[in-house]
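Going by the order they are written in, the chains are A, B, C and D; count residues from 1 in each one.
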Amino acid sequence: MNILFVGDIIGRAGRKVFSRSIDDVKYEYGLDLVIVNGENSAGGFGINEKIYKELRSKGADVITSGNHIWDKKETANQLDNMEYLIRPANYPEDVPGNGYITLSIGVTEVTVINLLGRVFMNPIDCPFRKFDEIYRKVKDTVVIVDFHAEATSEKAAFGFYVDGRASVVVGTHTHVQTNDDRILPEGTLFMTDVGMCGSLDSVIGMNKDAPIKRFLTGIPHKFDVENKGKLVFNALFFEIDENTYKVKRYKKIFKVFEG
Amino acid sequence: MNILFVGDIIGRAGRKVFSRSIDDVKYEYGLDLVIVNGENSAGGFGINEKIYKELRSKGADVITSGNHIWDKKETANQLDNMEYLIRPANYPEDVPGNGYITLSIGVTEVTVINLLGRVFMNPIDCPFRKFDEIYRKVKDTVVIVDFHAEATSEKAAFGFYVDGRASVVVGTHTHVQTNDDRILPEGTLFMTDVGMCGSLDSVIGMNKDAPIKRFLTGIPHKFDVENKGKLVFNALFFEIDENTYKVKRYKKIFKVFEG
Amino acid sequence: MNILFVGDIIGRAGRKVFSRSIDDVKYEYGLDLVIVNGENSAGGFGINEKIYKELRSKGADVITSGNHIWDKKETANQLDNMEYLIRPANYPEDVPGNGYITLSIGVTEVTVINLLGRVFMNPIDCPFRKFDEIYRKVKDTVVIVDFHAEATSEKAAFGFYVDGRASVVVGTHTHVQTNDDRILPEGTLFMTDVGMCGSLDSVIGMNKDAPIKRFLTGIPHKFDVENKGKLVFNALFFEIDENTYKVKRYKKIFKVFEG
Amino acid sequence: MNILFVGDIIGRAGRKVFSRSIDDVKYEYGLDLVIVNGENSAGGFGINEKIYKELRSKGADVITSGNHIWDKKETANQLDNMEYLIRPANYPEDVPGNGYITLSIGVTEVTVINLLGRVFMNPIDCPFRKFDEIYRKVKDTVVIVDFHAEATSEKAAFGFYVDGRASVVVGTHTHVQTNDDRILPEGTLFMTDVGMCGSLDSVIGMNKDAPIKRFLTGIPHKFDVENKGKLVFNALFFEIDENTYKVKRYKKIFKVFEG
């Protein structure tokens, strides 16, 4: 089974490079499932039904998210119409939305879990224990985790904690692809961060002027998605063995396009 | 001029993989200068004269550091004996030590600057403005910056801020190599993080048990350098054009060795 | 029923002013119960069996704690011998120790709950929901909460959240007594922070030199309890109506002694 | 010389209680100067020319601020029309606005300095060193500092650092009045936080529902100023000896009014 995990899609530039690239990548890798992190897909902050439908129509099967999931006011009310969108599972239990989803890909069941880290992030329930709780229910499926977190230490610790239980742990949130994709000792494919889809010459997808001014002056400036210039497409491909649920091969993707 | 920048060396494992690898890499790339981040080289926390001399004798020409520079009590008093060690330049001005160093490599002068980021880190002077201040003095030399920071946004903003002034900006601190090494529009070679030298199957160089316990329980546990298992050597090679001071070619290095 | 809640006891100076003051205060207010925050009672960081016994022998009936509870390595192993010490209840459930304690004071049962805030603090379970969980079990008793937290907003929000359920919410952790003690609309006595017992001319109980140097230079310096000079005793007295479980009267205490 | 320092004015409720109280307080204490922290005076977030003029017309002579100074987009452009508004002095030097102001009160010159702390706050220049720099210029005047900061340790360390140089250090930002007003060993009047003017039954001036929901769910909710219910007026009065520049007497004010 061939799966692609695509990094945080940043606004219009991100959607553009996703829609341009995905058909070719699908064809090249014979993809059975496309998972996309969509937390920045609507104007750089959040996601809503309109953008969800656009991503779905272009080829995203499952859409994960992160700390920006609630940035658009309408999102919470539209969750019923976004069946394949998951929000981090470690929000408290009465929070709307689902934290994981199980799909049938042929005869194999695949579960995608979304979790938020806590180091340098807002308070939330423990992602390690929340994984245990969900895993008890889905352990007979292929388990893929989008671990959306800032600190490399927390991401690495999580990878080892679920090593041998999850088939794949893909980090998101920093918008920068790491070069440490590898199989951990017990068989889990791990990567600290898969990166993003968006403008290449940008500050994590945003026009560089506002962040530079902010760092120089301490004065907040409105951040805008960078929609000019070259585009980058970041993803992680992996093939799952349908008998062992282990990853047989994998390849990270870092493609640059003219804008 | 051929230069190698080596990521944070983590304790004994890091020194081991550095000393094992550096001669081959030197030979392979015909290196003229080896810069090493040594902030974790002494037991995972800090550096002192003994370790400094060991790193120097193995081939490190300049040693940069970061937020862990003061972890060993003896360090401040030994700075006079560690001429080629620099500490982050944006510590306040009466703090002991130097924040940059200029060396002659043949007929070319090269300046290495060490700066600390501020996002998710302790308060310190502005690294953007401190760069400007130093740059006024060293602008006729090849400028290489070790930007030691947590947040990818701050690292990217810094890269664009100095684009065309610094020849190279190499990020450190996360201990995870990124896959985004590239030449920015005005000619600066930029990489969010070069990674580390240390144990591969570790939590950023440390034995995984203590961090996992800490994340699970909230109880602090003593962190120990992981000295077992496979070792990883992370670095960035680049060749500087001695006329233009621009990078002519570059290559990131991610080598794994049996322990 | 007359109860005294004493602020964080800081090292030797704090124990000294507590032992000097408590008998007089007990006599003056006719106290039935003395609750003391002991998280800094052992050398400024943590608590252990020896110090616990000292505090108990001087008149502390129940000892609460906070983020410093695990600072002494021996503490976790000595918990069985410290029956009246509670640690924050919102550590994960398999963490050693108890997060609340119920005692009989005459014919009335009193429950003391210890909770940690999360804003500007380390990740931990939600204190709001943990309160709900404990409250279901102890709602027929007088409920007193030591809410150990940094941010005034989190403390205020917690106070309103439990208003009418807890009899008293006393904040701790900042080591500075606030002037906002009052009865909330539904009847809970609330105070953002009760303060500390320790040296008056100190930085929250510590000798001022190390913190000043640290703020000036960014270099860490070892913090030592200030044991010289005047001493301050901070506490909150309140009388509980044994029929309604509401506070009938209360008075904050800020006494200064020559050292 | 009689001076009043009024805590953060929170939106309409804060302006209401200020305008209701200030004439009586002026009369009662024979005030020569009224200093007001106005960082939350416009809708709870920031200040602009309209609100500035309102505060001035009601009796505020000098208006200090803090981290919320830039919350309203128009503020930076209106600074020229707000002569008696100061912003934190430790913003970088080319940031618009002034960080301190010197006024003549009779024959005595009084300087009010505004500084931001750094612990648990956004990166900015060192407030300790910025004080030194300003103090060199204004040391022949009466120096009053509004130290706008979160952590009690940073506020206390600052107080001791300037003890004997500043006449008064008043903390702001937490919106909760502390009970620790006192003269430090070298003669500076110090108070960790003076508190606020606004709704009493609120979460630091804001309606309690949004913060409670946020703490419970992790989902951001829009914060609104609480304009209902009782109002609180928090301030610190002090009399300065015009020969020694020392505080002769002082009194903190915590008045509650029906709304």
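General observations
In the analysis below, contacts are C-beta pairs under 8 Å (C-beta built on N, C-alpha and C of every residue); 3 or more make two chains touch, one makes a residue touch a chain.
All values reported here derive from a predicted model rather than from experimental measurement.
Identification of common neighbours of subunit B and subunit C yields A, D.
Residues touching across the subunit A and subunit B pair largely coincide in numbering: over half of the numbers involved belong to both copies. Each chain gets a centre from the mean of its Cα atoms; for subunit A and subunit C, those two points are 42 Å apart.
Between subunit C and subunit D the centroid-to-centroid distance comes to 29 Å (mean Cα coordinates, whole Å).
Within subunit A, the positions touching two or more other chains are listed as 92, 123-124, 126, 129, 215-216.
Interface residues of subunit D, counted against subunit A in their complex, comprise 70, 76, 91-92, 94-95, 122-124, 215-220. Chain contact summary for the complex, subunit D toward subunit B: residues 92, 118-119, 123-126, 129. Put simply, subunit C touches subunit D in their complex at residues 120, 126, 128-129, 150-154, 156-158, 160-161, 174-180, 182, 184-185, 192-193, 195, 200-204, 206, 208, 211-212, 215-216, 252, 254.
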